[in-house]
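Going by the order they are written in, the chains are A, B, C, D and E; count residues from 1 in each one.
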Amino acid sequence: MDLATIIGLVGAFAMLVMAIFTSGGTIMTYVDIPSVFMTIVGSYFALFTSYSMSDVLGVFKIIGLTMRVPKFGEQAIITKLMSFAEKARREGILALEEELEDLDDEFMKKGLRLVVDGSDVEIIRTLMENELNAMQARHAYRIGIIDAWSKLAPGMGMLGTVTGLIAMMKNLEDKSQIGPNMAVALVTTFYGAIMANMVLIPIMTKLKSHDAAETQVKEMIIEGVLSIQAGDNPRILALKLLSYLDPVTRKSVEAEILKD
Amino acid sequence: MDLATIIGLVGAFAMLVMAIFTSGGTIMTYVDIPSVFMTIVGSYFALFTSYSMSDVLGVFKIIGLTMRVPKFGEQAIITKLMSFAEKARREGILALEEELEDLDDEFMKKGLRLVVDGSDVEIIRTLMENELNAMQARHAYRIGIIDAWSKLAPGMGMLGTVTGLIAMMKNLEDKSQIGPNMAVALVTTFYGAIMANMVLIPIMTKLKSHDAAETQVKEMIIEGVLSIQAGDNPRILALKLLSYLDPVTRKSVEAEILKD
Amino acid sequence: MDLATIIGLVGAFAMLVMAIFTSGGTIMTYVDIPSVFMTIVGSYFALFTSYSMSDVLGVFKIIGLTMRVPKFGEQAIITKLMSFAEKARREGILALEEELEDLDDEFMKKGLRLVVDGSDVEIIRTLMENELNAMQARHAYRIGIIDAWSKLAPGMGMLGTVTGLIAMMKNLEDKSQIGPNMAVALVTTFYGAIMANMVLIPIMTKLKSHDAAETQVKEMIIEGVLSIQAGDNPRILALKLLSYLDPVTRKSVEAEILKD
Amino acid sequence: MDLATIIGLVGAFAMLVMAIFTSGGTIMTYVDIPSVFMTIVGSYFALFTSYSMSDVLGVFKIIGLTMRVPKFGEQAIITKLMSFAEKARREGILALEEELEDLDDEFMKKGLRLVVDGSDVEIIRTLMENELNAMQARHAYRIGIIDAWSKLAPGMGMLGTVTGLIAMMKNLEDKSQIGPNMAVALVTTFYGAIMANMVLIPIMTKLKSHDAAETQVKEMIIEGVLSIQAGDNPRILALKLLSYLDPVTRKSVEAEILKD
Amino acid sequence: MDLATIIGLVGAFAMLVMAIFTSGGTIMTYVDIPSVFMTIVGSYFALFTSYSMSDVLGVFKIIGLTMRVPKFGEQAIITKLMSFAEKARREGILALEEELEDLDDEFMKKGLRLVVDGSDVEIIRTLMENELNAMQARHAYRIGIIDAWSKLAPGMGMLGTVTGLIAMMKNLEDKSQIGPNMAVALVTTFYGAIMANMVLIPIMTKLKSHDAAETQVKEMIIEGVLSIQAGDNPRILALKLLSYLDPVTRKSVEAEILKD
């Protein structure tokens, strides 16, 4: 559960509700079902024109990904890679085979299996980097869908407002209706701005930082697997892996790992 | 037939029509032939200034491409490459010659023909990558035309609105005409926003994802052809090709391919 | 003569004139000499601050380049390179010397002269690529000037409108003058939008596609010259060169060239 | 203490207060607690949706970094690297070991320790560049948080204004309240523009130049350490290091360093 | 003296003054000292928050750089490099030593000194490219300061207008004051647009083209120095250097240089 996402969404909406009350309005002033259809459903339809059926139907699942904190366990990975490196140096690379059974991390497992099978270093590197690149392309594609929506929603909101303004202009006789009609016309802009600023742009940003974190962990694993294959000095391996951590975490892990 | 494109276009227009009715207007309020000419035809003319005659006349054909789902058959390609790789290892590369006759994929055929002819690996790679790059350049060029239109249409819409506002301002005496004149002036902005948000930007996005998918398939074929040329272990080839698939598809294909 | 550019400019202006008439205005409403000076001349002056004297004075010549369709003759170049390659294989590279006299293409001539002189492949590649890069830099620089103008013109138009609005606001007593003053203030925005959307941005786009086409032809020539220097198989050379053509043209050329 | 940051913030706010007074307003006209919550707190909440809990809580610490001038001591580093290079040439690389004890710069220390330990040049380069890349990624991530806030704040300000306008439009009867209501609606836009233009964008820019300066110093240290490892001529090392300084500083350091 | 810069600034301001008079205003309508402070001084203060003290104080010196045309003397440099190349081939590289004394160009001098000293080609290339990169980074940094100001100025102008609008809205009773108050509020937007469109963006563009020209000259010198070091054929060197010139200049220089 990513508490930050929940706090962010709930908090921003709470601020908005407060702004509505202090503006002297009521929630009902801001609820207009046709405007919801025009702005949110309309931009969701425009997403169908932009992507494939399965991409668009899967967009809520993508959004759902931001509701949990991804756990990559950098420290555990470093410890594991260090212990593998030492075992490989002491007992030979084949000794890693039995360890692979219990390994949870599919990516590290696939890499080490190639090492144990005696594959060439270039093949191992290519295969692991291909897989990393494919993951990044997949993430970028998904982030692109949210990005497209975050631009289409205010676009459709603006279009809804222009639609409302034209209808209003055609019919200016009843002066008392100008204000309320204008208010309704603005509601689609209001929904578009909420979708973009409070939901879609923040969620896209979170997906980007998940991607950055996962990429970094995978790069660390590639570095580690290739180091084990090359029979690097475990001290050098430790230095390589630690350089991926931020200074604070690094200090604590360093003390522990390099002590022996 | 790309149902998603159809659903997207029809759905978004349906939302717009609904917004028109709930705004108290009628469809006729939003139909203004001179505004269609100013915004849509005008921006299409600006496209002639921007591109060559044949590019601009071909723009509807480009848009038409988004009406069907491109089928690249990744799984069939992987299976085919795998079977070629095994045959080449068992019977030698020349044994592939007869297979080439029935091969539909022109790109794979051209690559494998070079392999069978005993061309140098660097020449094969260069030729195939040149062809991939040329395809990407061609796609980017076409996408650029739609992109240009998606910016020119709202630009011309805005210009139409300014044109209408100036005429209106010159003639403010008849107060009863201010509203209707303003409404007409806004219709070009309305058309520009429809063209951009509901048609051209979504279509450009879909063309981009078609390009990404076709690029990926071609990269997969290059990888496969070079692997066959190098006489790689089929297991390694399978790992290489599978890394292009998304995890879900990969799981199912993997089970099937690697079982033997 | 690039008919597309002419059609584009004439057509877009015709649409604008039509929009003016249907807005109930007259052409004279939109002609305001001081606004022309403020927007068009003013942004042209800002271009002097941005570039060197000769660059700015040469801007109309750059615009003039879009009035003709550049002819690069890809097919003739391919045929020529193919025939040179065959001659070089049959009679030796020195046999090309006499052919160089009649060669129109300066770039190909310079490259082949280096080949005939027996220069090192790396020197030929470097010299030809340097020249291509210099051409691209020169084009990008020129396109940058048009780009700068396409942003300065609406900027100055907006500034003119703010200038007019301030004067109008200071003097609101005569209500009957508000409309006409506002109309005049908006004319600079009108001119800025015309300059950007109907003239400068489309012309910049056309210059970019000229650059892309010329770059591609020069890359094709480099590929061909280096292939001749290396004594490549003419069939391989044909495949290399054909990969630069779009599929339709390629088919027709292919049939002809590869038949023998 | 970075006096420039303080002067910048205080000065810009002073200009704003002056503008308020000369507009005939009072500070209290611009103080509206609900608008603060909507714009500043609301965009801070949207930051929670965008980043992880610890990232968002740490944002004030990041902002605090711009309150002090970072001191990298380029000249001292150059002098130190020069003296190490000379010592290494005279007494051998092992002679550097005792110097490392007193070295403050952790990055240079780690690099030189690897040199003293006799590590391979590629390993030293990779480890040092990994660490530099990791630092840059960390900085870019932090700068990204401020960047996101600098866009969300005016976004929420605009949303607040639309919210206020809708409430106002619904209730146009009391003409005397239109002005004041509009004023309140605009206050969120006012806060959003302050946050972006006076605080967040400038702070982001300063963080970027801190990052550029630190990157340059670290690149200089890598160059120096690798030069010492390679046993370069100290004169060459001096030329390499001096090329990182701007011409004025370089002149003065040059005179001093190259005299002997 | 860069006449173009002067003509550009004077001309654009003349157009603006003309627009003021034809709008029926007087210069005094547009002179508002508090607005100058808010927009120009305010954005200058925001620059202090963005950069270091010395950077911001040096900004006028950077702007001053656009008042003169930089002279790089490409033709003289080519001639000089050609004569050095010939001398080096005839009399050996050491013969260049005496020529270095009188060489004005510091960059060429430093490079040739390294050649005369017998430094390794990789060291010469690295040192010269480091220096070029450092120059480019320094230029990009300075251009970034002007860029930042060109965005902060209209930002502060907009903020000033919002500030004025809020004050005006709070006090709508005196209808006769609405117009003049609005006019004053708009003056900050007016100043912001002048700063951006007429001064800062054009000056930034000119700085960018200075940088491009200087980079090109330095790249030409690097190419020349390395060619001399390698003992290249002077004809090849001439071809290399000429490829940096535009076709017109090249023709004239070519005729002269290649005649012997």
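Keep in mind that, in the parts below, a residue touches a chain if its C-beta (ideal position, glycine included) is under 8 Å from a C-beta of that chain, and two chains touch if they have at least 3 such contacts.
Nothing here was measured: the structure is a model prediction, and the numbers come from that model.
Identification of common neighbours of chain B and chain E yields C.
Counting steps between touching chains, the shortest path from chain A to chain C takes 2. Under the touch definition stated at the top, chain A and chain D share no contacting partner at all. Taking the mean of the C-alpha atoms as each chain's centre, chain A and chain E sit 40 Å apart. The distance from the centre of chain A to the centre of chain B, with each centre set as the mean of the Cα atoms, comes to 25 Å.
Touching two or more other chains at once is no residue of chain E.
Taken together, the touching pairs link the chains into one ring where each has two partners. Around the ring, the chains sit in the order A, D, E, C, B, counting from chain A and moving first to chain D.
Across the complex, chain B is touched by residues 2-5, 7-9, 11-12, 14-16, 18-20, 22-25, 29-30, 66, 69, 178-180, 182-183, 186-187, 189-190, 193-194, 196-199, 201-203, 205-206, 209, 212, 216, 236, 239-240, 243-246 of chain C. Contacts from chain A toward chain B in the complex involve residues 34-35, 37-38, 41-43, 45-53, 55-56, 110, 114, 119, 123, 126-127, 130-131, 134, 137-138, 141, 144, 148, 151-152, 155-156, 158-160, 162-172, 181, 184-185, 188.
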